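A, B, C and D label the chains in the order they appear, each numbered from 1.
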Amino acid sequence: MRITLVLCALALSFVVAAQTRESGPWWPNSEWGPTDQAGASNRITPEKIVAALTLAKTGRVYEIGQVYERGMPLGGTRDYALRLVPAIEPTGTNRVLYNDEFVAAEIGQVGTQFDGLGHIGGEVRYADGSLHRVFYNGYTTAEMNAGTGLRQLGVEHVKPLITRGVLVDLPAYKNVQRLAGGYEVTLADVRGALTRQGIAESSIQPGDAVLFRYGWAQLWSTPAEYGAPALPGIGMEVARWLVERKITVTGSDTSVTEVSPSPIQGAAIPVHQELMMKNGVFNIENMTFEELAADRGYEFLFVATPIRFEGATGSPLRPLAIR
Amino acid sequence: MRITLVLCALALSFVVAAQTRESGPWWPNSEWGPTDQAGASNRITPEKIVAALTLAKTGRVYEIGQVYERGMPLGGTRDYALRLVPAIEPTGTNRVLYNDEFVAAEIGQVGTQFDGLGHIGGEVRYADGSLHRVFYNGYTTAEMNAGTGLRQLGVEHVKPLITRGVLVDLPAYKNVQRLAGGYEVTLADVRGALTRQGIAESSIQPGDAVLFRYGWAQLWSTPAEYGAPALPGIGMEVARWLVERKITVTGSDTSVTEVSPSPIQGAAIPVHQELMMKNGVFNIENMTFEELAADRGYEFLFVATPIRFEGATGSPLRPLAIR
Amino acid sequence: MRITLVLCALALSFVVAAQTRESGPWWPNSEWGPTDQAGASNRITPEKIVAALTLAKTGRVYEIGQVYERGMPLGGTRDYALRLVPAIEPTGTNRVLYNDEFVAAEIGQVGTQFDGLGHIGGEVRYADGSLHRVFYNGYTTAEMNAGTGLRQLGVEHVKPLITRGVLVDLPAYKNVQRLAGGYEVTLADVRGALTRQGIAESSIQPGDAVLFRYGWAQLWSTPAEYGAPALPGIGMEVARWLVERKITVTGSDTSVTEVSPSPIQGAAIPVHQELMMKNGVFNIENMTFEELAADRGYEFLFVATPIRFEGATGSPLRPLAIR
Amino acid sequence: MRITLVLCALALSFVVAAQTRESGPWWPNSEWGPTDQAGASNRITPEKIVAALTLAKTGRVYEIGQVYERGMPLGGTRDYALRLVPAIEPTGTNRVLYNDEFVAAEIGQVGTQFDGLGHIGGEVRYADGSLHRVFYNGYTTAEMNAGTGLRQLGVEHVKPLITRGVLVDLPAYKNVQRLAGGYEVTLADVRGALTRQGIAESSIQPGDAVLFRYGWAQLWSTPAEYGAPALPGIGMEVARWLVERKITVTGSDTSVTEVSPSPIQGAAIPVHQELMMKNGVFNIENMTFEELAADRGYEFLFVATPIRFEGATGSPLRPLAIR
């Protein structure tokens, strides 16, 4: 039997904001207070910047991001369309012509992309049994979401990433051209690679950028291979180590950075949650380190400035390594 | 009487490319060869970068670009729309949620914008009397244009802008809150301002970024005032001086950098042509220097990395001054 | 004291679909079964169409929709951008040129717009006290929503609207140029207007299109006035009468059709819920009847064919009245 | 030796508009005057409409357009992206939820598409030897083009297409499942098919819609096959016959209607030029007639109402055949 009800007018007062963030499960971990929206970019202090700048000895610049182009690998159902809005007729006595372009895209989540803190969250159960949809520092979807962009945790809150960069070259350590799809990079791998590179683990300091080369950028021009379901990457073990080392940002040359599918049965990108949602640590995907690795560029000045699109979940990026 | 013709099948062989660029009126001026597409960004050599990095003494970072936001001033008929593509339902045993955003905009020509070399050109008459629509280094619209973006002079060719930055604070020199709309900044003004700031004119060296504060960023939140027809800015006199000083990039806190309307009767943005089309010198618009000027930050490490959207005329930007 | 919990992995099996729709509060009212997605467009039977066609006596066509143009009134935070993707160079021996256009917009919810059944829903409390976010026929947001469009109740399910149209000319009845902002059209008004027009109330039959002229299209070219907070329109009284008369579609010359703000304290567009969510009756906004009314065109062949964008909430439209 | 010139300020007065259209090669053919922008839609007179309506005997509606969906065949470099802009939180005491959608696409040139008169033109040589880029009725690109859409020949000028429709079923006549790629449909084929269908050639009258079934819609769900380089279609012979019969609109179940590649060596879509540019006859692509043909629906009421996007080259469409 069906039950017919009248529409209930629900005059609930929605009390959502600071209060729920106060009592959530992980955000007391935030070192930067209950309203922080900059996450681990706070670790890049003026002193950190000045120290990092000294790492550039010769001024040689490496482009460690990809060019955004039609036909590049795109994740999921994302699209990228750029159209020229060309000069029609010259104007003025100087007969000037000007072109523009129009872009329609998941602009913060295509190509080399910087994942902001509004990108990844989760549904969690609190001590009182209630379910909440939360992101970094306990911001809830009800607080954050609006049709025209995030009201909280937008990428505009992230500080420029000018810091010490360390490349962990896994294929060089494993003596392969590139890691196999589905391979989880272990902490032993990371330690082994660092040792091979002559970089002490203890040198990984708060605020650093720790980037992983899997060799996957070699497949960038063949999107079907590049975006295969089985991708190499770090797992929860390395993620927790990165958190302990208090880095600011990680990144890699695949579209997820973490191993895929997750070795944790049934889990979906758990490393993303560990890094971003719980600890405010950022992730840059679809980088390329082929040239840098060829030159054994393992430590460098890292420069990456996420574009401040208000309310965006991420940003296109032009990350650089300068030695 | 009307004349009726049949449609002529025009089996012309279009001979457009390098050849016409060889014989054009200004591109022999290019120091970087007839196929160069990087323009004055070539001046930022490794040595230039290393020297610039030393300008950052304390690591204090100034954001000298604006946040991209709904309602910001937009030039002409440009649009900017950002929509959240929100998490729908959690997935995986870890109940992950992820948001994306979709942007539709003249992405390289809204907000703080970097004008690339495919943005501004002109129709010019050659020695043989023929008319050509050309851009930097003689690239023609026929060579360049395609529906999905520029095939030549796309912004992806521009090198990262990490160099010495100099701010020319005009309102401080003129002792006004901001310059008046329509005021042309003279070379005497620039020299006077530099003198006041203790910066020798001779210190302006190849590869520098020379940025002009007009005080106009004070109007950013009132788009009608900010985008008024009469804007202060440099004219051809200062433009030619910038070219002589061989700078790489200029910029300002208005939407055009140059004085508007042009004091040259009937001309439309002639400074743009002088800088970009003829000399490959770049221009960044809609910056903000209020905080930097308050701290008397006149010389600094300038960092700006145009996003490499293939075939785009410009780029959004997050320019920084680091002292 | 803050409570720190570990992230709960919630292995809930989400059981959402047909089942919840079975036990909801209003969808047993649907005459067309529990999986229907066409709503009241089902009432437009072949017989209804054949009868409606006979209403066109002279073949005179009235455009009762607006042209979509830059600068037209837009609701809320919606945008509409159209860019020419022009012919670049002629191709082929016949030197063909072709232009395209690129549009970025809330395409189904700008200008003259057809509201589909996935556009308006509500959060309702069931008999068991649980809260559900539901649309027509009980489809839930969990069932419906996906980043790339609605999986249920997309506008592609709506049948073409070729039926008898009736115009209710309120300003003519009230002897005013246009209704005042905030005025609620009463059932007495509607009956009075119909009587004045010589149309018997009993002639309003299942499947009809009943359209309301408020005179508001006179303000179309002044968006600030057109989109004022106080708009004339029908309220719940007339909405219920429309439902009783079993019409298929209503519409008007304002952006909401219903009176705004709602006379029901605190309610937000309740007529939309009554019509679409509960009864599957459609609504077309931003129409224009000035010319039709001038010709006393009160009964006509109504033609409107929503574009079948899969998963869209609405559609642009070119509604016609043919007499 | 290179020649260095100064930039010539070209103070040419561009005299382009009515004048050049007066003296061009084909537009004196326009029956509707030198400023007409509606082309052959002018042939659909009120009398024509009234007569066409009588063709609907039973009211059975056939959808002869495709649904617009992610993954459908797209021509050239066109894109189609639809994103849900979903309800975030309920509002009002009635807890209303509303979804929108955002679309970014070559909206008039994807899926079932109506080609307007601003879509196809050509470069032609006049009697005086000069070259001109012109469209229907001699409108030039200089007159027409603007960044935000066509200033002339926009699709908003086209009248609603409510007229007699005739389907020419070629596979049925040729006794094949579908025509072979690259096959040119001859006039003899068309006459044979009409004879088989019991439709006299002389019955094709001014204002009619003459639609061609090639059977190609069977491949719609396999875009690679559907969009193969070799497509069946009409050629110049049939195109000229359609012009002689003074029809208003043709259409088919391929993406070009005309045979591809053109049998005329080196020519690019010459039938498009013949129909649209020279004669103002419209073309609808990517239709489907499988169901209509199965019912031997060869003559019918044709209903198609191009959406009036100001300055667009075409329109999405929901064409119907009603019998």
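FYI, a contact is a pair of C-beta atoms (placed from the backbone, for glycine too) under 8 Å apart; a residue touches a chain by one contact, two chains touch by 3 or more.
Computed from a predicted model, the values in this text were never measured in an experiment.
**Q** Using each chain's Cα centroid, which is most distant from the centroid of chain A?
**A** Computed centres place D farthest from chain A.
**Q** Given that chain A and chain B are copies of one sequence and touch, is their interface built from the same residue numbers on both sides (over half shared) or different ones?
**A** Because over half of the interface numbers appear in both copies, chain B and chain A meet with the same residues.
**Q** So, what's the distance in Å between the C-alpha centres of chain C and chain B?
**A** So the centre of chain B lies 45 Å away from the centre of chain C.
**Q** Just give me the whole-number Å value for how far the CA centre of chain A lies from that of chain B.
**A** Here the centre of chain B sits 28 Å away from the centre of chain A.
**Q** How many angstrom between the C-alpha centroids of chain D and chain B?
**A** Chain B and chain D have C-alpha centres separated by 41 Å.
**Q** Give the residues of chain B that touch two or more other chains, as numbers and ranges in rising order.
**A** Touching at least two other chains: 7-11, 70, 77, 81, 83-86, 88, 90, 93-95, 100, 102, 104, 122-124, 141, 145-148, 266-267, 273.
**Q** Mapping chain-to-chain touches, which pattern fits: line, ring, star, complete or other?
**A** complete
**Q** Looking at the complex, which residues from chain A come into contact with chain B?
**A** It is residues 45-50, 53-54, 56-61, 63, 65-70, 78, 81-87, 90-109, 118-124, 133, 135, 141, 144-150, 156, 159-160, 162, 262, 264-270, 272-273, 301, 303-314, 316-318, 320, 322 of chain A that touch chain B.
**Q** Where on chain C is chain B touching in the complex?
**A** 7-11, 14, 70, 77, 79, 81, 85, 88-90, 93-95, 100, 104, 141-142, 145-147
**Q** Note which residues of chain A are touching chain C in the complex, please.
**A** Those in contact with chain C are residues 2-11, 22-26, 28-29, 77, 81, 83-86, 88, 102, 104, 122-127, 131, 147-148, 266-267, 273, 278.
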